[in-house]
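Look for subunit A in each of the two complexes below; its partner is subunit B in the first and subunit C in the second.
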Partner chain A sequence: MMERIDRKLGFLSALPLGIILVLSFLAPMVVVALFSIMPPKVFDLAHIPNFAAYSVFFDQGYYKSLLWSLGMALASTAILFVICWPLAYGMAKVFGRFSLILTIAVVMSLFVSENIRLFGWVLTLMKGGLFEGHLRALTGIGFDSPLYNTGIIIFGLVYVYLPFMLFPLAQGISMVPDDARQAAADLGATRWQILRQIDLPLAAPGIMVGSLLSFVLAAGALAESKILGGQAVIVIADDIETAFTFGQNWPLGAALSMILIVIIGGLAIFGVNRIDLDAIMGRKR
Partner chain B sequence: MNPSRSTRIALYIYGVVTIAFLYLPLVSVGFASISKARYLSFPIKRYSTKWYGDALQSDTVRDLLFTSLKVAVIVTIISMVVAFFGALAFARYHWRYRTLFQKLILLPIFFPQTVLGLALLMWFNSVGIIPTWKTAIVAHLVWIAPIATLIVAIRAYSFDPALEEAARDMGAGTWTIFREITLPLLMPGIVSAGLFAFLLSWGNFPLSLFTTGADSTLPEWLYAKMVSGYSPLVPTLGVMSVVGSFLLILLAFSIAWLVRSVRESRAAENG
Partner chain C sequence: MQSQPILRLRNVVKKFGSFTALHGVDLDIEEGEFFTIVGPSGSGKSTMIRLLVGMDEVTDGEIWLRDNRIDQTPANLRPTCMVFQSLALFPHMSVGQNIEFPLKLRNSPPADRKKRALELLDLLRLPHSYYDKRISQCSGGEKQRVALARALAFDPEILFFDEPLSALDYRLRKTLEKELKSLHSRTGKTFVYITHSLEEAMVMSDRIAIMKEGQFEQISVADEIYGRPVSRFVAEFMGEVNLFEIEGTTTGGLHGKGIEIHVNGDARDFGLALENGTTGTLMVRPEYVRFLTSSATADFVVRGILRADYALGSRIQYEVETSAGQILTIEKLREDRFDGPEGSEVILGFDTENVHLIRGA
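Let's turn to the complex of A and B:
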């Protein structure tokens, strides 16, 4: 009896969100896929399909933008992992009350539009900005602005996506039992050995979710390269936007989107299939 | 196996430095917003609140704020309702497609928002809907409703289904159980989900970019000005938007604190 009610209520209560996602997430994906096989520069789907837009991807060098996006996403994910690990360890095992303060501070920063935060870095780092301006006023010596190159885009990605690495990592590390680390230490394991053979494998679910999230979000990011990078590098999201706006070539934009969607979607589905949500979110029964 | 004292101190310092790193750009924006000069350069020589006056009197700014507010409020209300039911399907009930549903919810969160916005633009176009601020609501919901659902689901995981079963055994119908048991138990989760929904919608830029049509939200306008050159109103409106968000969070925390202290004093009175 309970089970039958559960089944019915489960289905019914999934309906509102399910309908939203089918109508405004899955259906648009189908439309993108269909547009990507339309001939160039059309604005509706009533044409004979061809794969012109995909061949342009190779012919006109769009794959370079994709490689830049993926490369910078990889670099920022690796950097994020290294800088977030000690902090996540602190949050999970060392900080008491400070953990809560840190969490609130990081979450609140997420509520500030990323535009405003990136713009703040421009004001901080530009020539005559917060750093250079004050340094020059004090010492008479300025420095060249570090803005508008690849390095600063990766910096921006690291800055914006830090919370998406930090929280899953902290969650992962908190799942490493203290007993296991204690036992290893008693048996004479060095710090390095404990890290490699206890912490990293046991925190693997958190590491995977964090790395996947930051990689996927960074690969599709646009604002970092536009605002901080001054378009020193054209990223794939930039190409996609241009194809839709200035280029007025929806099929090209759709094909570029599809390539990104397949890569990102593949990674996301791979990751989502490997995590047990019930366990991570604390199921009781 | 506790870390040494010096390691602990180093970790605390690292934490404080991280917070400073996260908020440093906002400090620059704050200073820029009260600089008198039209073209900003540090160190700032003369301060003035002129730009705030300009911003408050501008019709454009009023329209931007109003559009952002409309979108955020409607997104919040829909997200709270959808997340309440979604969380039950996610965490509480055992039904056939539960794991599939859980995965479907995660996908939009893992998705690049700019591309999602473009996909929606094409979809609206092919079914003949002209994008306005109303379509932006749909775009925000695709990303925000799943997040809100996860937040309520955390709360739903911690509640004891025996409470509902007991009510049913005593003859309560499905609606009565929802109203009298499930909803009050999940309420804290629903309220925080609403807070998240509002703030995420208020600050969102990549989803609005392609889905607002001729209308414009505050983050969109800021972005347009940032990439096309400097305007002294950019830092000013940036600060106003941030202060607005933080005031809302402060308000939420104080209401939560009030509710708790009222409850505690009542419990004390009733012994």
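Let's turn to the complex of A and C:
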């Protein structure tokens, strides 16, 4: 009896947020999904559905953009993991009060718009920019700009999405009990064995959340390839934007979006299913 | 001939900044012994065990395991291991994987590992079905056994225990104390155990070391520490005790405030003599104090008023306030109980063979 009332109250409490989510999140997704099965270059949904937009994805090489996006997202996620692990480890276990300063410093960088920060890098790295310009003025020797290639795009992704890997990772590492590490060492484990058999599995929820966040964000990222990469490669988000704007082909944009959403959504569901979200949110099992 | 000690500490010092946690400690632990280090919190016993297993480095001094000096050896290269206070089981592994962990590190084949893990489950009286259980599915006592099995799988030269029973309820603790003692005799391993509970130490240990402020106050068998403590600290740490300040007199006898001493002439015969003017502490345990009828007498007599009595199960405990204002504790078996009402005047007595003199304390 009480349980039924509880469930009813729970449902009622969740209702306002539920309505907002349905209207703001699910409804646009449904519209996009419907547009993706409309014939090319139409601007309403009153047409016979077909899959022309999806065949364009393969016929006209849009899959290459998707592969670039996924590839660079994967690379930047892997690099982020390697960079952030020691930092996050320090924040969770070693730095003490200093980790608060580090947190504030990292969060502060988010106060400035991503585009402005990326343009800052352009001014710093371009030919005649902060580095090369000064070096040439002082020594007479210059160097080619490192801008406008895939390497710099991956750098940009790593730079912009660092907080999204760092904080979940630090949270995950803080969940590894110190005594488990000490016990492993006491039982004969080397540092490497402790990392492999204790730290990584016990920090897995944090690793999963951090990796998913950075991968998902990087796969849909646009500014890095446009500003730093100078469109050396076209990413899928670029194609989507073009299709909706210059291309005036909403069904194509919608189809490309759907493909990206399905891939990323699938990954996210797969990942989240494999970890204990309650554990990382601090709720008891 | 006595065999070589398995573990030797020589002048071991540990400092944390300006604070000295261990002041040059010496210790010999014999092969196969159940050795317990007891002390109140802050006495340095936890520091001691961290040094012994290699989780901390000594500031000075030497630790020898048989013929090998190990004080500079990191924990993972020492052939010893520890059962943690928290047990430190690996939550992401099954019971079987936990037990096999040290074997896996040594690359022993999976079939051998499993065989050994099942043997250890037998040894610790856990059913084989526990092999696949999750740690979170085990009760407190079962986790304890898994932690022990994991430590034994390591096959350590010495097994250290850092208060592993302190988080358990009283009943389970009593059961596991006895199990540990039996496990010790079945495995024949050297156990070094740390606890703040003297009761625990008394039940299990071959020898006990009492620690105070970074030094050993006394190292001996339980009976000796209970009956012949070397200091007031040890006497009081070892449970209820009655202490009297006494001093030597010019005639070679003893004199104390609030206590009648009838052995003045032959105190020496009982090893109770004090030099003229020097002081000592006379100790008698509560169970050796008798209620005297007015006609009877004893070597030592104290007068007082019964203030309270408490039932302790098989025994009754009495509190008596002496004429000097001291509170004494007396314990009697139920069948020997004293039936006077609270507030009644009582005469207490005890004899030379049941007292112990702590000199200079």
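We adopt the following convention: the second predicted complex is superposed on the first by the 259 of 285 C-alpha atoms of A that agree within 3 Å, B and C clash if a C-alpha of one lies under 4 Å from a C-alpha of the other, contacts with A are read in each partner's own complex, and residues count from 1 in each chain.
We take it that a residue touches a chain if its C-beta (ideal position, glycine included) is under 8 Å from a C-beta of that chain, and two chains touch if they have at least 3 such contacts.
Fair warning: this is a prediction, and the values are worked out from it, not measured in the lab.
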item: Three-chain arrangement built on subunit A, subunit B and subunit C clash or fit; value: fit
item: Contacts of A:A185 with subunit B and subunit C, given as first, second, both or neither; value: both
item: First (subunit B), second (subunit C), both or neither touched by A:L9; value: first
item: Touched partner set for A:I263, first subunit B, second subunit C, both or neither; value: neither
item: Which of subunit B and subunit C A:A52 touches, first, second, both or neither; value: neither
item: Contacts of A:P177 with subunit B and subunit C, given as first, second, both or neither; value: second
item: Comparing the two partners subunit B and subunit C, which touches a greater set of residues in subunit A; value: B
item: Which of subunit B and subunit C A:Y89 touches, first, second, both or neither; value: first
item: Degrees between the directions from subunit A toward subunit B and toward subunit C, using C-alpha centres, nearest 10; value: 90
item: Which of subunit B and subunit C A:L202 touches, first, second, both or neither; value: second
item: Subunit B versus subunit C as contact partner of A:V216, first or second or both or neither; value: first
item: Nearest-approach distance, in Å, of subunit C Cα atoms to those of subunit B in the combined model; value: 6
item: Common ground on subunit A, meaning residues reached by subunit C in one complex and by subunit B in the other; value: 182, 185, 285
item: Subunit A to subunit B touching residues, read off their complex; value: 2-3, 5-18, 20-21, 24-25, 27-29, 31-32, 35, 43-45, 86-87, 89-91, 93-95, 98, 102, 105-106, 108-124, 128-130, 132-134, 137, 159, 162, 178, 181-182, 185, 212-213, 216-217, 219-223, 226-227, 237, 240-241, 244, 250, 253-254, 257, 260-261, 264-265, 268-269, 271-273, 277-278, 281-285
item: Interface residues, subunit A side, partner subunit C - complex; value: 177, 179-180, 182-190, 193, 197-198, 201-202, 204, 285
item: Subunit B to subunit A touching residues, read off their complex; value: 1, 3, 8, 11-12, 14-15, 18-19, 21-29, 31-32, 40-43, 81-83, 85-86, 88-98, 101-108, 110-116, 118-123, 125-126, 138-139, 141-142, 145-146, 149-150, 153-154, 157-158, 160-161, 165, 168, 174, 199-200, 202-206, 210, 218-219, 222-223, 226-227, 234-235, 238, 241-242, 245-246, 249
item: Residues of subunit C touching subunit A in the complex; value: 53-55, 74-77, 81-82, 84, 86, 88-92, 101-102, 105-106, 136, 150-151, 154
